[in-house]
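Both of the next two complexes hold chain A, though its partner changes from chain B to chain C.
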Partner chain A sequence: MTTLASPSRGTSLWQRWRFHLSALVMIVPIAFTPAFFHENAFFDGRKGLGEREIGEIAVGPWSVRLAEFKVVEPDAEGRAGYAKEFALALCPACVDQVKAAYLRVGKPRNIRTMGALFSGTPYRQTAEMRIPDRTTADDVLWLTLEGWDGALHQATIPIRTASPVTAAWLARRRS
Partner chain B sequence: MSGTISRKSSSARLWFVVHGWLALPIWAFLFFVCLTGSIATVSQEIMWLASPAVRAHAPAADARLLGYDEILAAVEREVPGARVRFIARPVKSIFALTVSVTRPDGSTETLYVNPYTGRVQGEQGEFDFRDFVRALHGWLLVPFNNGFSLGWYAVSALAIPLLGSLITGIVVYKRFWRVYLRPRLRVSKGRRVFWGDLHRLAGAWSIPFIAIMAVTAGWFLVRAILDDNHISISTAGVPPVVARGDVPVVAMGAPAPRITLGQAAEAVRRQLPDLDPSFVQFPSSAYDHISVGGRGAYPLLFETVDVNPYNGKVERTRRISDRSALELVTGSMRPLHTGDFAGLWLKLVYLAFGLTLTTLVFSGMMVWTKRTAIETVKLVRERAPARLGLEAAE
Partner chain C sequence: MNARSRCVAALLVALGAVPLFAGSASAHPPFCICKMADATTVRCEGGFADGTGVPGVRLDVIRYDETVALETKFGADSTVSFKRPQGEFYVLFDAGPGQSFDVDYKDIQ
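Right, the complex of A and B next:
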C-alpha cells in the first residue's frame, strides 16, 4: 500500500493547501478595483480633460483648453515611430465655429501637413501626435485651428510646457 | 489502491497523471475565470432584470420604433448641448437603445433611451455591471498601459492547460461517448465515485464547448502577442477621410449643411439591402464619415458602411466578402467565445455549458484530492525506483 512517512504538521498543511494557492490570484482584481474605476472615470472625462492640464491657449479669435492625455513618455507605435497623445476642448463660444484642430511638432509647411487631426467631440477631443526622430526638447508644437469659414489660426506651445515628461524623454534620448 | 486503475498500462497511467496535473496547480484561477465568464455571457440580461432603465417598454402594443433622427432630437431635448457619439440598438428588442453622448463639461455618458418614446430612462453611471464582469473575467481588472494588460495574458494563457486537459481527458477516457447513451452519476457510492462520475459526465458532454473556449481563448493570447509586436493581419487599410473639397465652407457662425441620419440610413439601405443596422457612429471630426454597421447574412461579424456626411455618398463598405479568410476565422473568435450573436437562447446555452465547465474544474480538483496524488506516487515509484529511493516507504 502507498503510505508516505508521517509528515510534520507544517508539511502536512503545505501538502494539503499547496494546490489551492492559485486562489491567491483573486488578490489581483481586488487590488486593481480602485484603479479600474479611476480609469473608467478618466476615460469618460469625469476626471478632467486629461491627466495634466496645460492651460487655456488663445488661437486667433478662439481659445482652447489643452491637456496631456496621460502623463507618460511617448508610446512606441512600431514602424510609425513614437507618438504622444493630447486632449483638447474648444471654448464654449467657438464650438460651432471651429471645423478642425491639428497638432504637430514644428511649423507646418502647408495646409496638407498640419499634423495630427483631433477627433472626438468639440467638448473633448484627442490626437496622437507623431514625434519625428529629429525632435529635440527645445522644439515647439504648432496648434492649428481651421474654421468652418476656411480661416486658419495658429498658436505655438514649447514641448517643455506641453509635456515636461516628453521633454525629459527627448533630452535623455539625445544625450 | 487496487482494481482497474492499477491494472492499467503504464502509458495510460502517465496520461492520467498528466491530465491530473495540467490544471491542478491553477485550478482555483481556472475556476474563477470559468465562473466569471459564465456570468459575463448573461451580464446584459442580469442588468435587464436588475434595472428598469435598460428595458425597452413599448407604451402601446402597436407602438412604432423611432427613427435615428427622432432619437437624436429626443436626446437633444433631454440633454441640451450634448454631442452624440453613437447610437446602438442591442440585438434584442427588449433592451433600450444605448446612446453615447459627451456633455459640454467634457464628460461622456451612456444613456439608456426608450426606442419608442425617446425618453432618457437612465444613465450607465460609474458602475456598469456588464463592463465590470467582462473586465474581471478577461483581464482581472489589470489596466492596459502601453499594450495588452498582463491580466489579459494570464487569463488567455489558460487556453493552453484547457486544451491540454481536453486532449488528455479524451485519451484517458477513451469510451467517453458511452456517457451520451447511458449517463451515470452514482451518488450513494461515496464521494470519490460521485466526483469522478460528475467529472466524466460534465467533461464528455462539454467536449465541443471546451474546444471552442480553448481555441478562441488561444486566439486572444495570439492576438495580444501580435498586437504588442505591432503585427497586423487586417486588410481594412487606412480608414478613409472625407475629401477636403467635400467639406463645405460656410460663413462664420453658420451651421455646416449635413445630411440627416435618415438620409444616411437610406444610402446604406441602397448599398447593402440585407444589412440590419445595429449602430450608427457619428463623425468624430469634420473629415470623418457617418458609420453604420450591423449583422448581415453571416451573423458573427459586423458589416459597416461609411457615408459622407455632406453629400450622402457611400465612400466605403466593409462586407463579409471584403475580408480575407484569415480575418473571417479570427474575426469569428470573439463572438464564438461570448455567444452573443444569435439571441437569448444561445446565451443560455453558453451559460449552461459555462457552468458545466466550472463544475468540471471543481470536480477535477476533488477527484485529484481523492486519487491523483496516489497515482502520481505510484507512477514515479515504478519509473524511477532507484533514483528516488522511494522503496523505503513501502
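Right, the complex of A and C next:
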C-alpha cells in the first residue's frame, strides 16, 4: 500500500488561489481602461491642444494658440536640467507662411539661440522647453516664429501666465 | 484549457497591456556644462539627456557684441577646453535648430 505525500503549504495555497489570481490579473487592466482611452484621446488631440490652453497670442502678422501640454511641474531631464512641454497651433491663415516656431526662457541672443523647436503638424505641435537654472517665476518666455521668407517675429509671455504651476515650482525652488 | 494554462494566458494579457499605460516618449534635450578647470582654462562637456555624446559638434565662444572669440569642436570624449576670454561672453553649443545650449560667462565658475 502506497501513501500519498501531503502537498506543501505553498503548493496548497497556490492550488487554492490560482483561479482568483488569474481573475485579478484580467480585471486590473480593465480598471485602467477609462484612463487609457482618456490618454489616447488626449495624445491624438481630441481633448484639445493641451491640458490647459493659454490662449491666442499675436506674433507679428501671425497668431498662434498656445497651451501647456500637461499641467505638471517641469520634468527632470538628467544632466540637461529641467524642461517643460508646450503645445502650439498656427492660425489657419498662417499655416503656409510659418516655417518654424521656437520657445525659450528669456530673450534669444541671436538666431542660433531661439530655443526649443516645435515639431508636429501646423495644427498641433509640441516642444520641450529647457528651464535654465537661473530662471525665476518673474521671467518671460519668448516665442519666435520664422517665416518661409526668412522673417522673424516674436512675442513674450510671462511664465506666470504660460504656466502657473511652473511659476509656483520656480518660486518654491528659489525660497 | 487547464487551470495553469488559464493563469498563464491571463498573465500574458496583463503584461501585454502594460505598454498601453506607459508614459509618452520624451525628447532628449542637449546640455553643456562649463567649469573652470584652472585659473585660466574653461572646460566644457556637452551631450544629450539620453547619454548621447557630441564628438565633433560645434561649440562657439561669442562675446556680448556678437563677435566670435573662438570656434571649436567637442573632442572624442565630448569635452573641450579653451582659454577663458576677457570680458562678457557666452558659450554656444550648437547641434542644429532647436538643439542649441548657451552658457553665460557668469555661470562658469
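Methods note: the second predicted complex is superposed on the first by the 151 of 175 C-alpha atoms of A that agree within 3 Å, B and C clash if a C-alpha of one lies under 4 Å from a C-alpha of the other, contacts with A are read in each partner's own complex, and residues count from 1 in each chain.
Note that a residue touches a chain if its C-beta (ideal position, glycine included) is under 8 Å from a C-beta of that chain, and two chains touch if they have at least 3 such contacts.
Remember, predicted model here, so these are calculated numbers, not experimental data.
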{"item": "Which of chain B and chain C A:D149 touches, first, second, both or neither", "value": "first"}
{"item": "First, second, both or neither for A:E128, with chain B first and chain C second", "value": "second"}
{"item": "Touched partner set for A:K84, first chain B, second chain C, both or neither", "value": "neither"}
{"item": "Touching partner for A:D44 - first (chain B), second (chain C), both, neither", "value": "first"}
{"item": "Comparison of chain B and chain C by chain A residues contacted", "value": "B"}
{"item": "Which superposed partner A:F32 touches (first chain B, second chain C, both, neither)", "value": "both"}
{"item": "Which of chain B and chain C A:T113 touches, first, second, both or neither", "value": "second"}
{"item": "Footprint overlap on chain A, comparing chain B with chain C", "value": "19, 21-23, 25-26, 28-29, 32, 35-36, 39, 43, 75, 77-79, 100, 117, 119"}
{"item": "Interfacial residue positions of chain A with respect to chain C in the complex", "value": "18-19, 21-23, 25-26, 28-29, 32, 35-36, 39, 43, 75, 77-81, 83, 100, 102, 109-110, 112-117, 119, 127-128, 130, 133-134"}
{"item": "Partner chain A, residues of chain C touching it in the complex", "value": "3-4, 6-7, 9-11, 13-14, 17, 20-21, 24, 26-31, 33, 47-49, 62, 66, 90, 92, 94, 97-102, 107"}
{"item": "Of chain A, residues touching chain B in the complex", "value": "1-5, 19-23, 25-26, 28-29, 32-33, 35-37, 39-41, 43-46, 48-49, 72, 75-79, 89, 92, 95-97, 99-100, 117-125, 146-151"}
{"item": "In the complex with chain A, residue positions of chain B that touch it", "value": "1, 24-30, 32, 83, 85, 102-109, 126-127, 131-132, 135-136, 140-143, 145-146, 151, 154, 229-230, 247-256, 284-288, 365, 368, 374, 377-378, 393"}
